[in-house]
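A single structure is presented below for examination.
Lettered A, B and C in written order, each chain numbered from 1.
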Amino acid sequence: MTEAAVRIGLTVEGVDVRFAGTTILGPVSVKVEPGSVVAVLGANGAGKSTLLRAVAGVTPVSSGRIYVGETEISDVTPERRAALGVGWCPEGRRLFPGLTVDETLDVAAPGGRRERAERIGAMLELFPVLADKRRETAWRLSGGQQQMLAIARAVIAEPSVVLLDEPSLGLAPVVRDQMFATIRRLATSGAAVLLAEQDTPRALSIADRVVVLARGQLILDWPTTMAVGNPHFEQALMGV
Amino acid sequence: MRRLLPILLLTAVLPVSAGAADPVAVSVLVPITGFLALEGTAQRNGAVLALDNPPAGVTVTYQIADTATSPEVAVTALQRALEREKPVAIAAPIFGTQMLAMAPIANRAGVPLITVSGTAKLTELGHDVVFRFFPTDAVVKVAQARYAVQELKLSKPAILYQTTSYGQSGHEHLVRALGELGVKPVLEEAIDPGIKDLVPALERARAAGADSLLLQLHSGPTALTVRQAHGIGLGLPIVAGSAMHQPTTAALVEAAQLKGVCAETASSPMSDPRPDVATFADAYRKRFNAEPDAFALGQYDGMRMVLAAVADGARTPQAVKAWLASYRHDGLAMSYVSDGTGNMAHDAVIVCYDGSGRGPIIMKRYDAVDGVK
Amino acid sequence: MIEAAAQLAVNAVALGAVYALVALGFVLVIGAVGAVNFAHGELVMLGGMVAVGVASLLPADLPVPGLLVLPAVLAVMAVAGLFVAGVAYAPLRRAPPTSVFIATIALGLIIQHGVTAGIGPEPRLGPPMIDSGTWHFAGIGLARQQLATIATAVALIVGVHILLQRTRFGRRLRAAAQDSEMARAIGIRVNVTVAVSFALAAALAGAAGLLLSNQYLVTPTDGAMLMLKAYVATVIGGWGRIWGAALGAFAIAVFETLVAAWTSYLVAEALLYVGVLAVLAFRPKGLFGEVEGRRA
């Protein structure tokens, strides 16, 4: 991430997602400052993935607004959001099964051939485990490598907003530590990171703010320092 | 009311004179779509040319319906026509399988079916409603066999025949006719109408030591056989079924590839020198922008005979049927008379291509082949 | 004897190459949208008819008429593919895959009857790629048309392979075919890749139609049989697998030509379908397995 980049954050205002007539999320408002990590916690089915999908544009919202910096993206297609600086790493990674590491990064990278090659190089520096796996197809990588690739794919275009949906799922503890460190580095470079997670301790260790969802509702939105050790926070996590 | 009654009774008893203005209805039910669309369209064109020029004193109305490819569609078209149009005669599909389904229904209604289908079985089922204006396999296959054996001196033919009832019927008659001439085929191969690659069959014919090919195939497969035989340099004379005489079939084959190819047929209107046939051919070309073939001419002759019956006073289906069964009619292709079961045509011709063009030359006429004069 | 065998072999390879072209286009659409295009066979027939039409506009004695006609066929059929995408796919994007294949069945019938009504039911002769002559090699005569057919089909297949594997657009097309939602989220315009897939598939179908039209004639009713062969080839190779479908296509051609020459048409067809059933019994997902989430 370039130092001189304009600092752009994510604003979610009163967003409401409906499915088959029922509200499954919302209304939810959350703000992610550039250069910070906001962790979204909550039980399965609480609406974490739905929130990230709504920001990515792959799940339509019924009301509310979403902004990347000053630009409203509420009605913008997912492809256009990617161009406007939204990077989404979905739950379960969803790598393209038939593409190699190189190909995966290439299709997600913008620009001409030289620029794409440079960006791929930058990703391989950020995720050194992928460096000697360039020609491997995605399904041959280990869980940790796949996750790194999925994140790399989401950030190769240097998005201002990075959406990570349960990246630690299925990874061994040592690998998790490496990955969370990398996620923190993304924020340090200036991105606004929205991180949905089940691994609460590690999420808290890198997050600046924490948001708790339960049954589609936003229960709590606090700075991490305030949340850690707070009994209300513990209760909220239980899904009271 | 009292005074009217005797008059009403009188008019009911006296025959109402069928004024020249009273039209009769005819239905044309032929395959205009599907794999027999070519032949069906020729039938339609021939019928229409006849029906649009009825003899003096006859007015006729007609409806055309498509029987497509299945017996079910043909039967539905027939039932609808019988109900709505009450025709005195029906121009019926060339497709044997459809005719077999339609005949019992037409029989119950007593309406004659005028067709150019060669499937022998049609007149062997005991119905008396089918009138065939194209020589049956009993005529054309005999002509085909005789020409091959007696004129071309061939003794080891390979037979390629279609799996449809047209093909199977032809195959049977061909084998029988050859047998009577003391010849046994070296290969007999059934070909599905959908097969486009005839080379396997041709190679098998070559391997069996054939000195000729006798075909009983539809138009497309006939053209494919001639082309592909030429392509592998087979070099055998071919005596084909009626499909080969059709100008549309010849158009698919290059003139050079047609050298050594002959065909049996009822007539060759596009190359027949007789003046009245030439007039028909010109009228056909002008109206339909296509060359007429024997199916068109046969259907034309058949409908003309129906109109002759009507002109002679036959105004009900039964009357037309009786007339067709009893009288001789001099058509353009030949003279038609029933053999008692509805086969009206008993002459055939063999036409051959000399490689210089696509117009076939009439090489030999075979008259009264089945003994009916 | 050797000549007969060589000719049969060349026939088999030529037919296999063309069937592979047909199957390739068919699978491209399955991959791109997860639904079957039942009008694909009619697109092959339409390509043949376009070839006949364009050839009739050329002066009579031009050399390599088929090769000259090929670009026009590819272009016209690509547009036809866009039309199919617009009519039978785009409006039904959110409907289940069965809606698309019913819409494409209807479209196929419309094309077939449209051609029959418009230009007539009779078979037509397409232009030879080079000419109808024979090439002599080591004492064996091989039809130039068959050799040219093989070369053309192979060139097109290789071209598609290069497009898909070695260009960025091809990679993006593959990504969109594998997971369209994810592809959109990384900036790929999936409606463009879908449209291009349809256009490409139709162009390949049209080229196959041109290649078939000289040796086998083209009749408006040809579509159904070709569609069935494409479908069977895809089932044999593994649903959604491009190279599997090509292999399946070759297998079908070998049965139709070589096996039919040694036994008979009926036996060859029966053996082919016994083979298909055997493949499905022992490897239900086809020889190379299915591409996930694409069964239709």
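One rule holds for everything that comes next: a residue touches a chain if its C-beta (ideal position, glycine included) is under 8 Å from a C-beta of that chain, and two chains touch if they have at least 3 such contacts.
What you are looking at is a predicted structure, and each value in this text was computed from that prediction instead of being measured.
Peer 1: If you check the contacts of subunit B and subunit C, which chains show up for both?
Peer 2: none
Peer 1: Find the most central chain, measuring centrality by the gap between its CA centroid and the centroid of all protein CA atoms shown.
Peer 2: Looking at where each chain's C-alpha mean falls, the closest to the middle is C.
Peer 1: Where's the contact count highest, between which chains?
Peer 2: Greatest number of C-beta pairs in contact occurs for B-C.
Peer 1: So, what's the distance in Å between the C-alpha centres of subunit C and subunit B?
Peer 2: Each chain reduced to its C-alpha mean, subunit B and subunit C end up 37 Å apart.
Peer 1: Just give me the whole-number Å value for how far the CA centre of subunit A lies from that of subunit B.
Peer 2: Each chain's C-alpha centroid was found; their separation is 76 Å.
Peer 1: If you average the Cα atoms of subunit A and of subunit C to get two centres, how far apart are those centres in Å?
Peer 2: One centre to the other, that is 42 Å.
Peer 1: Sort out for me which residues of subunit C touch subunit B in the complex.
Peer 2: Residue list for subunit C touching subunit B: 4, 7-8, 11, 15, 113, 116, 120-125, 132, 134, 141, 143, 145, 212, 215-217, 219, 221, 225, 256-257, 260-261, 264-266, 268.
Peer 1: Which residues, counting only subunit A, touch subunit C once they are in their complex?
Peer 2: Residues 56-58, 77-79, 81-83, 88, 90, 94, 96-99, 103-104, 106-108, 110, 116, 153-154, 157 of subunit A touch subunit C in their complex.
Peer 1: Under the definition above, what is the set of subunit C residues touching subunit A in their complex?
Peer 2: 168, 171-172, 174-175, 178-179, 181-190, 292
Peer 1: Can you list the residues on subunit B that touch subunit C in the complex?
Peer 2: Of all residues in subunit B, those touching subunit C are 32-35, 37-38, 41, 189-192, 194-197, 199-201, 203-204, 206-207, 219-220, 223-224, 227-228, 231-233, 248, 251-252, 254.
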